[in-house]
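Take a look at the structures below.
Consider the two complexes below, in which subunit A is the common component and subunit B and subunit C are the respective partners.
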Partner chain A sequence: MKNYFKIITSIIFLILSSNCFSDENLNYKIYKNLRCLVCQGQTIADSNSDFAMTIKSVVDDKVKDGMKENEIYNFLADKYGDWILYKPPFKLKNYILWFLPYILFFLGGILLLLIFLKKTPLSKK
Partner chain B sequence: MLSKIGILSTLISTILSFLLVYQSFSEVKSKNNIISKKFYYLSFYQLLFIIFSFLILLFGYIFSDFSLINVYENSHTTKPLFYKITGTWGNHEGSLLLWINIMVLFSFLFLVYKKNTEKKFKLFTLIFQNILILFFLIFLLTNSNPFSEIYPAPSQGMGLNPILQDPALGIHPPLLYLGFVSSSIYFSAALASLICRLEANVFAKFIKLWVVISWSFQTLGILVGSIWAYYELGWGGYWFWDPVENSSLMPWFLMTALFHSLLVLEKKNGLYAWVLILSILTFIMSVTGTFLVRSGILNSVHTFANDPSRGLFILIFLAFMISMSLIILFKYFPNEKNNFLFLSKESFVLFNNWFMIFFLTVVLIGTLYPLFLEVLSKEKVSVGPAYYNIVLAPFIVPFLFLMSYGPQSKWFSSKLVDVKKMFFIILLSFSLVFIFANFEKDSSFITTLILVFSIYLILQSFLDLYTSIKNNSFNLSRSISHLGFGMLIFFISTNNILSTESNFNLKVGETKKLTNYSIKFNNLKILKEKNYETLVGNFLITDIKNYKEENLKPEIRVYNQPKIVTYESSIKSKILSDTYLTMSNLAGSEFYSIRFQTKPFMNLIWISVLIISAGGFLRILRRENK
Partner chain C sequence: MRKFLFFLTFFGTLSIIIVFYLGLKTEKIYSTKDLIGKPISEVNLDLLNTDGSFNTSELKNNNFTLINFWASWCGPCRKEHKYLIELSKNDNIKILGVNFKDNKLKANKFLNKLGNPYFLIAKDDSGKKSIDFGVYGIPESILIDKNLVIIQKYIGPINKKDVKYIFNAIGS
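Up next is the complex of A and B:
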């Protein structure tokens, strides 16, 4: 049985590894993290609007100038506001966004622990 | 004419709902144990008339009766028949009528299910369900009437948004509605059971079927929505963590937590209060999602139709529902002594709930935070896929492990499972990933772990399936759904790692050489269809390594009604990989902007979700046969 699984997964992975190549580069990665401000819920990468085209060429220029990914995000956020970034920047006003889930998960864990530690065995009833 | 019949039929249904509530209140006091026949009649006619209203609207769409504003605004005579039909629920008013239809349908089904048992509980459920129905009927009749007339009747309609003219989107809303609108029935049942102080396991037996039904349809609905997004929106993705997508996912998390908890309720009468809370929350979350979508306060690809007055109406209703639930919960909160052994099956159900609620809060915070921030500080922030990936990905790993381990544990016992076997399978999964996956980019530590543990879950689920078949136990639903989930995570991750994309400009006759493919722009044709004109590009894609050729024909369509330009992607879908091409024109140039993508395992992602929901449907059938 296990051998059978192994063969199937092996075949899948062989195909995987043979195809493993990407034409994607930094520019596309950046486009995908930017909101097209004139569209509804689209990224720069997905939009054909004039705005998206302009931003694409700005990004291309900045990448050519040797600017780092994060520097480009900061540059655009300064110009257009954080609204343009799909990854909310990690700063004071966004701390709730970034930390609250973990705090809640932790509290949930404590609650579970309390449930397990409570000792009133049902079997004695 | 149609307008008057439609309104009349809806009004009759409203009166019947009111009668049902009124009659139930007086019947509850009677000592008789059998629900009198009149309730079945009332409920049946209520269903009949509301279906009739829906058919009237459907009729209006099929025969393009533009004296109805709703038909005038959303249809057109040149639209193909299929889209005239699906257009019925492709707009706010029509979909609200469909919503009410489903609520009434489930009200009726619940009444006839397990006939002549627990009379008081059933009548109270009927009361709550019909209060909900009444509210939506009043909303429909006063604010969003699909039967409103326009005089004189225009000779032509305004047409349906072309991106909604799509087979997947035709069935997407009904499926999703069968999912989260049907959760109203266990919302009502939970409130009723609180008031009647129904026994825990009786309640579990009553609502399990409905929870599994809604969960299975919700899963399918989300799947069809993703498939639609994949080939219609033309960006090559299928999930963008868009607020509206999130609105369909949040009730799904709650439903999943709910039916896992129901197992504990059935087996050991535990978690009663929690199950009640989850039942109530699921429908509240569904209505909240609807509020976010219909009120238009969120910026999303889905904001096709919105109107603040609708939002206000739903918000008032939401406030009413929440306060009613809270009052009933506090007044009748059940006393129970829960006792959980660590590593017992029931403890794993708790772990499931822990993670589900965590996933829910992440999505909820991600969706709502921008709204709060904007109100409080006037600053706008976008929460996109990057946020969800960063926050959620690390938690997927332990979650996958628990999903594999949990089902093997025993009820009421903290005995460890066969640890040797477990380590062997995990080791096997590890070696598979390390031997065969030489991903060069993006294979971060967490991604690797996710791959390992999704393979572990897949292998373990297969083993579970094998043992249940060997033992002639046909309780396969759980293993099937877990298997589907393992596959889903595995294929999503590998798809994420292995997808490729190139953007470039081409003109007719030119060829673009990429590392593995060459793309030749053969020709360009203009075609005239019934309701649009289209520019079809013909591209020859050559797979250099495998000497394979295929033609892709992306389009740029100009629809006549309404005048909208859409970019249609061309996809060649194969079992292991899709090739995906979109083209768009560049103003004042003979060049076209081309986007070529290869997307491995797309079909397997869809199949994985189908397998997940298949587990649910199997459970429904098995219950029916019992």
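Up next is the complex of A and C:
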């Protein structure tokens, strides 16, 4: 009985704590997906540049105003282009980027299957 | 089977070469070319020297507007200032100055010393409003037409060549 109580208390604590920090987590998640345009290969989350600090502040405001994650990305991509996003949007010109890994995975699977099929009859001989 | 393996290897290699080739040609620095042809947002900006604010939709009254983001602490802004003065002499274009994260006294001192090319001076103390214009550092300038559509965006100080381009673009 005591164990059940401990488990339930832990779950409630976890849920409450995750809710307490959910906004901060969301903000950090957004920062991580934004490119610092004045830095070399850094995300907004990693940078302390003036530009990064301003973007962080704008993201905080937008989250506070109830804007959704995608709406914030769209807003910033509209101002700075898709280059500001680390995760490229699902657009026609990015199809190859999105699908190439799956295509290569699929072709690799076929290749392995063919090699396997080729080897099996040989081994039987 | 052999034929298939040959085609698979051939097209696999070819696709990898194409991807790398396209990757090499892709610009790895921030470019503003995607912003050209897009309208600017309607933003309310506080004025520098008077209480009151200004909405960018009012720029529809001008044939062409150059929105210039500047500050007194910005070295390259000094460098481009003479070109802004040159542009301000043309009646077909108005220059809106957005004083960026600056001190009012110092900003006015800067203009008293180097001249005032702006028809209106707004301010952005926090730098947040400039995000609405896609600004990431100063000086930056955005040339827009009567419909608030971006014709050209300049990152860094404008120069003689840019002034020539602007005069051509506005038909002067």
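The working rule: the second predicted complex is superposed on the first by the 94 of 125 C-alpha atoms of A that agree within 3 Å, B and C clash if a C-alpha of one lies under 4 Å from a C-alpha of the other, contacts with A are read in each partner's own complex, and residues count from 1 in each chain.
Going forward, a contact is a pair of C-beta atoms (placed from the backbone, for glycine too) under 8 Å apart; a residue touches a chain by one contact, two chains touch by 3 or more.
Predicted model, so just to flag it, every value in this text is computed and none were measured.
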item: Which of subunit B and subunit C A:N33 touches, first, second, both or neither; value: first
item: Per-residue contact with subunit A, leading partner among subunit C and subunit B; value: B
item: Contacts of A:F116 with subunit B and subunit C, given as first, second, both or neither; value: first
item: Which of subunit B and subunit C A:Y86 touches, first, second, both or neither; value: first
item: Touched partner set for A:F105, first subunit B, second subunit C, both or neither; value: first
item: First, second, both or neither for A:Y95, with subunit B first and subunit C second; value: neither
item: Contacts of A:Q42 with subunit B and subunit C, given as first, second, both or neither; value: first
item: Subunit B versus subunit C as contact partner of A:D61, first or second or both or neither; value: second
item: Where subunit A meets both subunit C and subunit B, residue numbers; value: 81-84, 96, 100, 104, 118
item: Residues of subunit C touching subunit A in the complex; value: 1, 4-5, 8, 12, 15, 19, 30-32, 34-35, 38, 41, 126-128, 130-134, 136-137
item: Contact set on subunit A toward subunit C in their complex; value: 37-38, 50-51, 54-55, 57-58, 61, 76, 78-84, 96, 100, 104, 107, 110-111, 114, 118
item: Complex interface listing, subunit B residues touching subunit A; value: 233-235, 240, 242, 268, 299-303, 337-342, 347, 350-351, 354, 357-358, 361-362, 365-366, 369, 373, 377, 379-387, 390-391, 395, 428, 432, 435-441, 455, 459, 462-463, 466, 494, 498-503, 514-516, 545, 567, 576-577, 584, 593, 598, 600
item: Complex contacts: residues of subunit A adjacent to subunit B; value: 1-2, 5-6, 9-10, 12-24, 28, 33, 35, 40-43, 45-46, 48, 81-88, 93-94, 96-98, 100-101, 104-105, 108-109, 112, 115-116, 118, 120-122
